[in-house]
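Paired with chain B in one complex and with chain C in the other, chain A is shared by the two complexes that follow.
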Partner chain A sequence: MYFDPNEYLLNPVISVLNWAVVVGCLTFVVLFVSMINLFATRGAKGIGIFFDELGEMASDLFHLSPRRIWALTRLTYTEAIRRKALAVFVVFGLLFMFAGWFMGDTKEIKPDQVKVYISFVLTTISWLTLPVVLILCCFGIPEDIRLRSIHTVVTKPARRVEIVLGRMIGIWLIGCLVLSVMAVVGHFWIVRQIPAESQPLLTCRVPVYGANIEFIDREGNSARAGVNVGDIWAFRSYIEGATKARAIWIFKNVDESFLDSEGNLNFENSFSAFRSYKGDMTRPLFYDIKFFNPAKNLAYTTDPQPVNEFRHKLDKIPNKVTVDDVQYDILKDFVNEKKELLVEVSCIDREQYIGMARSDLFIRMPDRPFWMGYWKAILGISLTLLLITMIGVSASTMVKGPIAAVLTFVIYFLSLKDNHQFMDQLVFGRVEGGGFLESVYRLVMHMGPSQELPANPAFSVVKFFDWMLNNFLWLCRHVIPYSQYFNMPEFVSNGFDVPWDTSILPSLLVTSAFIIPCVLMGYFALRIRELESK
Partner chain B sequence: MSQSETVIEIRNLSKVYRDFWGRPKVRALNALSLDIKKGEVFGLLGPNGSGKTTTLKLLLGLLFPTEGEVKVLGKSAADVSKNERIGYLPEESYLYRFLNAYETLDFYGRLFDMTAAQRKERSEKLLDLVKLAPQSRRRQLKEYSKGMQRRIGVAQALINDPDLVMLDEPTSGLDPLGNRDMKDLILDLKAQGKTVLMCSHLLADVQDVCDRIAILYGGELKVMGRVDELLTAQDKTQIRSSKLSDAALKEVQEVLKRHDADFTVDQPTASLEDLFLKTVQESRERPGHRNVTDRQSVT
Partner chain C sequence: MTNMTSQQRKLIYLIGIVVLLIPIIWLSLPSDGKGAPGGVLSQLRSKYELGEADLGDVDASSAAMNFALLGMRGMAVNVLWKDLDQQKDTKRWAEMQATTESIVRLQPHFERVWDFNGWNLAYNTSAEWDAVPDRYYWVKQGAKFLKRGVERNKRSTELYYRTGKVVQHKVGYADEATDYRKFFVNDPDPVFKGGPDPVINPDGKDNFLVAREWFEAGCARELSRPQHILDRSLFRSTPARCLFDYAQALQKEGKFGEETRAAWDLARKDWTESYGRETFHALIGPEESDIMLEMTDEEIKQQAGTPDDALRVRKAVDAYQKMTNYRYWRTRAFAEAEPEMAEAHRRLFDAKQAYKAQEFENARTAAFEGMDGFDKILKRPEYASLTDEDILCEECLLGWKIWDDIYQVSGDKIPEEFPLKWLLQMKQENQMIMGNVNKQFKRLFLDNK
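This part shows the complex of A and B:
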């Protein structure tokens, strides 16, 4: 079990820079393709038309009418409702009527039970609303062009930007309507289905994570990571018991607000245990937590605590602690001038290991109500819907409905965590074996990825081609959104509140980054093509 | 804008449709040039595929010219702002079929940035003008007959009280009553000083309402001029009078013979449209009355 919010942690400056890169890349792609298209269809004068259109668009921006946009929004909204888009509620109703049968009794593991219920509701809502929005946004404008209804709109003073915006807002509103109804039902369903004894777990923890985690090896030297106990993919590093091995967290900006009402600092962990010998399997491994302030040469170590394997464990550390019969105040005496608190965790059991990652230990602030996190997760889904809508509508201005739907789905699929991370690896050269052509050559020739290619002009061409392709992939990597930013339901189903700065803000930035290029794309696609269905 | 001001200016307009690969497929229009003045009713005539609708779509900016230039109300066809003063009735009902009549006009009214009060007032007025029955106004357009769809189409074209009205086959799908209403409407628009450009291959309709016509064939302009001038037979003289006695008729014939005139004498017939309209009118005034002259059809 792991959940690492580090992936969401973004520096605001980097976020804004990323935003600018996404906007820049997308805008460049849109303008470049539009110019090429105009050149191909209208010859040399197409270039002049392209610049005229740029000016025309700028002029259109000053003539935008909220009433016209709202008219097109209402049209889209009415169309969706009258074409039975709300039939999705039937599927939703059926799923929720019978879901309880299959999710009944996991009472023995209450946190898992709560997680499964929340996760089920939020996943179901996502996977029901996404296809509805995908279909609506990809087929609206192509159908208008096919049936020529768009002739009666573009021969009115409606600007192309208004058509695109009206469609986007209308479809998003429909998506939000469906989402809101499902979210309300889902909320009541969760609260009613979860047994009374598990209800206290229905909360949103507010964690404050350490800025960093550092490791000390068994000899007492600083190490990049702990011990790898054999996992191919290591989320956690392990520290060996009864040695000098340690993990050190640095918590920043620690002050009185971190104390609970009883004056305790609440440390919660989800350490994992790895045994190098069986022994008594019912006996837990033990760890201790040490607070230290090198400047004052002061340290306080807690009593040994058992590792709660596969679960969370809360350690309430009183702010007033006694060291050598002298009482100290953790916040005053252990927090240094930079307002940093150093926390060290070590394993007590000899030849046993405790695994930990940065997010495995945090200071738990007062909890927030469940509904707050739940509705933030719904906000995350609605932002995903908006993103899909923008991409789908702008794609549908260029190609026919089914193609736009496939294109949008592929972009969404590539935006998923694993796919996007794989793109990252390719773009930043973390995958051995070279680029596309080189790896094909290696496959055919049965060459290992680390084997050197022979020095040959042909391979220079291959490498150059791969370099070009890699640059194109770099562009795609920036153009395709990273859907993990929008994955707020994951926070809630893991029992956390959705943080504003590390999740909501990045997702808002990513969404806003797509508005300008998508509208631009829609404008150009509708302006430079003849709206005659052939 | 003065009476002689040019509303539509077409210069050397050509349109070539191309296939997916950009190869020329059809030359739909070839070097068309014409002007349409303010306040006139202009008819574009021609058989199917002659380039009438293509011309209209080029004027509206729905298609891009291959060559040539178009100015509508003094602006380029691509300029959206020209649409503020244009009304367009497409060839078929391309309206949103899931809206009802009120919603349709309200939607198009919003596109002209009209206020709610303006939209409401204008919608009522237009629905009365096109004679759409009140009980039909709340039904979705997909339930409408072709004639009803044509009527609501006309209403949406006039929602902004346009200076220039472009009508593509305006009488297509209409019964003779609707046809007459449409022609009356066009004449009424003319009386209001509006410019009307209509495309049609129904010659009688064009003859009844148009001031000037242009006949296209194979994408080329073949004939253009005033209807009355084009249709006047210069080598013939027509005399009409009330019914003459046999003696008077004989006397007239003798006079014509003396002047070596090539003539025929018969009684004029009304058009079928006139007969139909008269019958419907009488039926409305005298329900149940029948006036059957063909005895075989009675048995």
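This part shows the complex of A and C:
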């Protein structure tokens, strides 16, 4: 796996607190602005109107009727079907009919090619369902207002918050229906495309990663990282062979459940090799794994193992090991009282290097069936659909359809990994060349990012303006979700099961976090706006 | 118009479409294959070989993809190139290959795309892997990719050359060349059951002979479509140079029998009788002449007409012979036909093997005999020019290095006089030659270790 699972970690407590602060501030701003507006237009009476409205809104929220919501959901659902939402299946069908043409030869499938197949299916499903949901949720309410058909609903004893909720649930359900059909077809397509002899490659490995990785340099001192061998991608750090350089993993909560049916601890690695000289190219580089317990002064080292670069290498470590003719039990003698197992990896070959990152060594638990991970990935897509639906519907209560669609798409686009990270870099000043105005000036004047700007008042204004924009961006960064949490297909296509703590839980939390603000915003906008097309 | 109903307007649009379609159909009417040339557009397409089928094999999926993207091809290609770069940096090779496939489907007739990606797979990606069979797999992927590029772009001269170059240079001259050359004939992938990969080597030939075929095809194409890689005289020397590479490779692998002698003989004939007799339009400053690299004085006089012209032609022949290293390879080919030369090669090869096997006394004797053999040949006036070329000098000096090292290690006194001392003195300031000799020696030492 070439991504760091750490990246996806989310602290639930801090996240909930953050959420409360952001939603609280947003609610306060909206209510405060409304109150000031009413005061400005209606005088002291406006304050009374504000509190009356607030009371009614609270009453609406506390008197929701599931029956009415369900009726509105069905209405939305029927409307979506009438608007030919299911026509997306035609594109889907066409893509899958001809996909085989573009996927290369299936006669000799290698493990990393399976990744391409799974990735193709899940990406196609995502990119076909997202636009359908986006269009449905952004154009539904504005169209109803334009055609005045919304009056047939609002004149019924239905609360406006129920209209918003009914829309959201209805559109999400139709999204889920489309998604489920595509997912079933996609699953069969994958299984059919992979030849029988390569079917074992369709699996979901369950890794237990070390809590962290520590490095020791060639002199035996603790180091922040290993050697950088000049890779552009600094994901891995390298340790030098036949020196004191080591990488140490600490695995926590190690107990009997980590053993396989034969009583082995399965360690899987994907180390990388780097040669400072080529030497005998027919001989691979070697590493060994050492288990040690400093409290008992015990250490067990495996035989040298060849590096199997860019592939997975499984080392089965028996629970019973012999050190100096005495038999020890890894779980009893090497796991310390904190239930931690210390594992040290070293490179055997002189002047050669082995590269590793935290996720490059893990304990492999029994695999889960492929379908399990696949459907978890589908769950991730369905949660993305829900998120888009909520944002889209609440946006469509405020602005017209096309604007709502653009707004929702931009929010989604900014939530993607690279874009969100770029936003982070801008906010934290890690992008060379300054903010918006400064970079425009540099572009026009052909100035490099490291060149100093002339010192004059005009540039102070530019910098101040950029500072303001940056602060606005800071706000956006906290409101725009990080959709990488939902990227469960990445785990499955890399042959892993989708983990609860680093993927499913964060994505559920993020989705839940948007429910209350989106419903409230949609309701608030629908309540205060005039339901007439102009 | 404003009084028209919607139906009437639609009818007028339909009539307009049909009216406009008539000239378009007439202009692009295809040929019936029985003599009628078809419409003007069809004729122009055939004349300038612009039809998809004229450019190379038709790939239905590529055409479908381009069609489906409508006008968004450029944007899609940009995104794919960006992805490719990122996948390469993060070492996601399978995805990178899949992206490469998508790019060539979108840009099937952009030769540089095939060239760049073929090189990327054969040279950059292969070097990222540690195991030699893995490296070879990616070299093969690069060669296969370029071969597909040729099939899609049959008019391209340069892609023939690039394919040949990977098979010749990457397979034959990489650090892992010994293994690659074996794998080229006996692929390590069990799928091929010990035989060659039929896609790049259907007849199970030596890599240099396969490369020669690619270069020959490139030279044939070059007659109708010029290339922009090398000077024409160098470009057209590539098939013959492959034969020299082949002969040298046989020697390097310890084959000194009839097969090697025949290889040198074939190379000499191809060099002097085929390549040497090709006509090149030589440009030396403002002067232009049609020359051959193998030209007698009589032929020069005949072509020139006047003594001044003869001088100009002779000057051009000389300049082109220097540029293509023509005289060296001709002399070398003649020298290699000498039994003493073959014996000298054999003894130096024995010296290397004995050194690797730590049989130092045998190695010292064999190295000395090899050095002595070369000393005698290189001192002959007709072969004196062989010292101008690095490869042979490096072989000779590697023999000296082994001989000298054994003396150093054993603590024996190195004799004052020894064969090839003069060559050592001549080349010891040449850092490139001495650097290569030391590098080759270090490899022997590491093998020994």
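The definition used in the following text is that the second predicted complex is superposed on the first by the 439 of 534 C-alpha atoms of A that agree within 3 Å, B and C clash if a C-alpha of one lies under 4 Å from a C-alpha of the other, contacts with A are read in each partner's own complex, and residues count from 1 in each chain.
Convention: a residue touches a chain if its C-beta (ideal position, glycine included) is under 8 Å from a C-beta of that chain, and two chains touch if they have at least 3 such contacts.
Bear in mind the structure is a predicted one, so any value in this text is a computation, not a measurement.
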| item | value |
| --- | --- |
| First (chain B), second (chain C), both or neither touched by A:L147 | first |
| First (chain B), second (chain C), both or neither touched by A:K316 | neither |
| Partner chain in contact with A:V116 - chain B first, chain C second, else both or neither | second |
| Touching partner for A:T282 - first (chain B), second (chain C), both, neither | second |
| Touching partner for A:K45 - first (chain B), second (chain C), both, neither | neither |
| Partner chain in contact with A:E530 - chain B first, chain C second, else both or neither | first |
| Partner chain in contact with A:K296 - chain B first, chain C second, else both or neither | neither |
| Residues of chain A contacting chain B in one complex and chain C in the other | none |
| Chain B contact footprint on chain A (complex, rising order) | 40-42, 56, 60, 63, 65, 67-68, 70-71, 74-75, 78-79, 82-83, 147-149, 151-159, 530-532 |
| Residues of chain C that touch chain A when the two form their complex | 60-61, 64-65, 89-95, 97-98, 101-102, 105, 129-132, 134, 175-176, 179, 191, 443, 446-447 |
| Partner chain C, residues of chain A touching it in the complex | 2, 98, 101-104, 108, 110, 112-113, 115-116, 119, 232-233, 235, 272-273, 275, 277-282, 284-285, 307, 309-310 |
| For the chain B and chain A complex, residues of the former touching the latter | 22, 57, 60-64, 78, 80-81, 83-84, 86, 88, 90, 92, 94-96, 98-99, 103, 107-108, 110-113, 140, 156, 160 |
